[in-house]
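Below are two complexes that have chain A in common, paired first with chain B and then with chain C.
So, the complex of A and B:
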């Protein structure tokens, strides 16, 4: 049995999905967290649950909404589980009425009853269920309360849909629906009534579906005739879509009158918080302060001390432990070197940064869960507008701070194709967590006094470069079309410890897993390249294959401050995954006991070259996974190649300016 | 008109048809249309967006679009 989970954005569908299937998908408190469909199996194995992006209507505006409409048209579904936000019942019911017209057995989960109660809204679920003709189950999606009942009702409620017509659209429209119904006899499995109404509403997906079955001009004439009849008949109606909306609204008002009671309440806390964080003057400073605190905690106050402890553990007891095991089993020199100089250096060098990365992910999760994310979009909109983007584009960028891949996916919620493409192209400039170990290493070596500030400068540089490029792209490649910015600002919610931890862990485990697989394999490979050379095995590293490869590119990097084969080699591996830069460096500059990589680095880099190197790492190329996502989301080889090439170009130019400019000013 | 509203002032939308089609559709999705009561919650500086509230729902939109919405003060 296939059950589709559907509802307005930010009503808790994914929270419920996680609770019903025991899986863990990405949740957050803003509209558009889920941008593609996800499938899970019910805890009691009674069927499959399909989580869909949130929509206000089945007539889509943006790409993530289109996912839902195509799902309804093309894929088999047995039942619908419609989640309603009890505090916004009126607008939620517009979707519900469309779903009921789809004529599949449906079930309603009424979420956020607590929020509604706080606003003085009392809902009679029995009555609502009676009017709509489908079961209504109150749930608390975040905690999982009511989920058992929901599963019970899903598995037991009868398979027969009691088709009940809720909305009578008036004689003219009903006649037209019947005409289309006659045309469609035997041609489709979908409800002809649903198809017809969606068509009248201007749903392009349904239109193209129908034009395969019925001659397009027949539909066109039918719609034009109907529209003129409706507009003539009713004075206040401007279009057919508007008329259908009004008819639904009348029905909804009746439903609400019968099942909902409203009482006066005081101003919600959410609005009091908003008076401060989205304040005219304080909004931007508060955002910057939050970012600053985040970086201080990650790099200075908490993250670095923890990393140091972990580092001590890895270079001390862990290495000694492995040494003694290797000695005990009489391992060959080759195996010994592979494990100590290759794996522990390579993988361990990345794992050391786990504390910092988890702290960063914790803050990103906090941002997502609390409801602040949408406010940031609001606060940033003015700046984004001036470069031809809108505030919503800032959300993918913020997510990109964790990992660029979900950031690029999140761009699906942006309605206009031009802004969406631009956001996809620019998100890789956001400094993702895999780049963070490089900064942590270098600031520890060269900028001890100003760790957080130097790293913050890199993050800000990423944003500034993205904004400048956005302006340039708007003026040249992607000339302006109308921009759209309407954003729903969800009420604040106190993040729960459990869900915060889960979403931090979910993001962080990807990093750990990558260290155990990709970086592990990469470390072995890099170490082999550094161990072997044209003259055989166990060569001096400067004569290894790795050095040969690095030397090919080193002269190019000379003008930007780090023309060594070591830097060149680690940049090449950085295309595979940005963490690989660190593991490569750990292998190349293999550190003898009682010394640290940080100390060793100062033989190879000056502080100015180190900063230039960090800027280069920040900008130079999207990693392999990101490039693949760009290709998947744009569907264009040209734009994927462009995203790689422009990044290389910008990185090189900027580093040239920083390094050569810095030298002119006497910095070293 | 909406453009002259200050933070905290309330009004009822009388005409929304001058706003762009896409924006109109999104606002309609959120239940904001002719006849809705709206309250200005905050106005961002330098011509930035405004935040309005309607039926307990907060929505951010651009100032220039907000100015195209005709609102009658209540």
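So, the complex of A and C:
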């Protein structure tokens, strides 16, 4: 049995999905977490549950919403599980009415009953169920309350709506529905009424489906005639779609009147907090302060001490342990150097930063889960609008702070193709977690007193550069109208330890896994290139193949402050994955015990050059996985090449300004 | 001597395999290249736009 889970964005579908299937999916407290459908098996094995992206209507506006409509048209579905946010019933019911018109057995899960009660909203579920003609089960998806009953009801009763027609659309429309119904006899398994109403609403997916079954001009004539009739009849109606919306709204108002009681409550705490954190003047400083605190914890208070302990462990007992094993088996110089100077330096150099990465991810998860990130998007909307984007584009960018790849995927939630493309192009400028170890290394060496502030400046720089480029792109390459930004502010909630840990672990484990696979492999080959040269093995590193490769590019990097072959070589490996930069540096600047890489770096970089290097790492190129994702999402080689080249160009120019400008002002 | 050859072969063999796998996966882009891929059972619905 195939059961589709469907509802408005951020109504808790994914939480419910996890509870019903016992599997774990990524849950975020903002709209658009699910951009593709997910499938899971019910805990009692009674069927498969399909989690669809959240939509407000079956008439799609954006690409991810199209997933839902084409699912309804093309895939077999036995039952619908419609999840409603009890505190936002009025808006949620628009989708419910469309689902009931689809005429498949349905069940309603009334979620967030606890939030609704707090807001003084009392819902008579019996009455609601009676009016809609389908069972209504109250649930709290986050805690799993009511989920057992939901599984029981959906897998046992058939749940065909007992009410035949929920909305009466007036004589003209009903006649037209009947006409289409006659045309469709024997041609489709879908409800003709649903198809007709969706067609009248301007649903392109349904239109394209129907054009295979009914002559297109017949449909066109019918729609045109019907539209002129309803516009003539009703003064305040602008289009046929608008008319259908108004009719549904009338019915929803009646349903609410009969089944919902509102009591007066004091202003909810959520709104009091919102008044401060989304305030026109305070919003941005509060966001920056949050980020600053996050970096203080990551780099100063908690992260660095933990990293130091790990570093001590790796350079001390672990290295000594390996040394003694290697000595015991009489390992050759080659194997000895490969393991100690290649693997332990390269992989260990990256693993050292695991605590910091996890702390950062923990705080990003905390901000997401608590509902604050959605407020940040709202705060950013004012700024984003002035550059031709809107707050919605900031969500993919924030996801990009973790890893650019899911960030770019999340751009699918953006309606207009132009804004989607622009978001895809700009998301790689967000500082992903793989760049963090580079910052950690350099701020530790050069900016000890201001670690958090320097890292914050890099994150902000990424955002500012993205905004400036957005402005330039809208004026030149990508001119067109802007779309409107509507974001639902989810209720604040105290994040649950379990979901917070899962979310942190999910984001962070990729980093650990990469250390064992790609970084391991990269370290082996980088070390080999640094160990071998034209004159054979065990050459001086300056005469190695790696130095030769690095020297090809080093002169180009001279004007921006780090014209050494070492810097050039690590930047090249960074294209494969940004973490590789740090392992390459650890191998190249391999230091014997008791000396630290951070100390050694000051021989090669000045603080100004170090800052310039960090800015270059921030901007210079999307990694291979990101570039491939850009190609897949845009379907264009041209835009992929553009995303790589403009980033290189911007990075170079900006570093030139920072380094040369800094020197002019007497900085070193 | 044998130990050296075995260790060297194992390390270089694994490294080559891991590198090839990583580059192939990254080149695929989208879900395959995503760090969250393991915990996400999305089924791709791409290319289902209307004609």
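Some observations on this one:
Going forward, the second predicted complex is superposed on the first by the 642 of 668 C-alpha atoms of A that agree within 3 Å, B and C clash if a C-alpha of one lies under 4 Å from a C-alpha of the other, contacts with A are read in each partner's own complex, and residues count from 1 in each chain.
In this section, a residue touches a chain if its C-beta (ideal position, glycine included) is under 8 Å from a C-beta of that chain, and two chains touch if they have at least 3 such contacts.
Since this is a predicted model, take the numbers as computed values, not measurements.
Look at A:518: by the touch rule set out above, it reaches chain C but stays clear of chain B. In the superposition on chain A, contact is made by A:245 with chain B only, not with chain C.
Which of chain B and chain C touches more residues of chain A: that partner is C.
Of the two partner chains placed by the overlay, only chain B lies in contact with A:61; chain C stays clear of it.
Contacts of A:489 after superposition on the shared chain: chain B is touched, whereas chain C is not.
Contacts of A:219 after superposition on the shared chain: neither chain B nor chain C is touched. The touching residues of chain B, when paired with chain A in their complex, are 17, 20, 22-23, 25-31, 33, 41-49, 51, 53, 55-62, 65.
The residues of chain A lying in touch with chain B in their complex are 56-57, 61, 87-88, 90-91, 94, 119, 238, 245, 268, 270-271, 274-275, 278-281, 283, 374, 377-379, 381-382, 385, 391, 415-416, 482, 484-489, 491.
Within the complex formed with chain A, the chain C residues making contact are 3-4, 7-8, 11-12, 14-19, 21-23, 25-31, 33-36, 38-45, 48-51. Chain contact summary for the complex, chain A toward chain C: residues 23-26, 35-40, 63, 66-67, 70-71, 74, 204-205, 207-208, 329-332, 334-335, 338-339, 343, 402-403, 405-406, 409, 506-507, 509-511, 514, 517-518, 520-522, 524-525, 576-577, 623-633.
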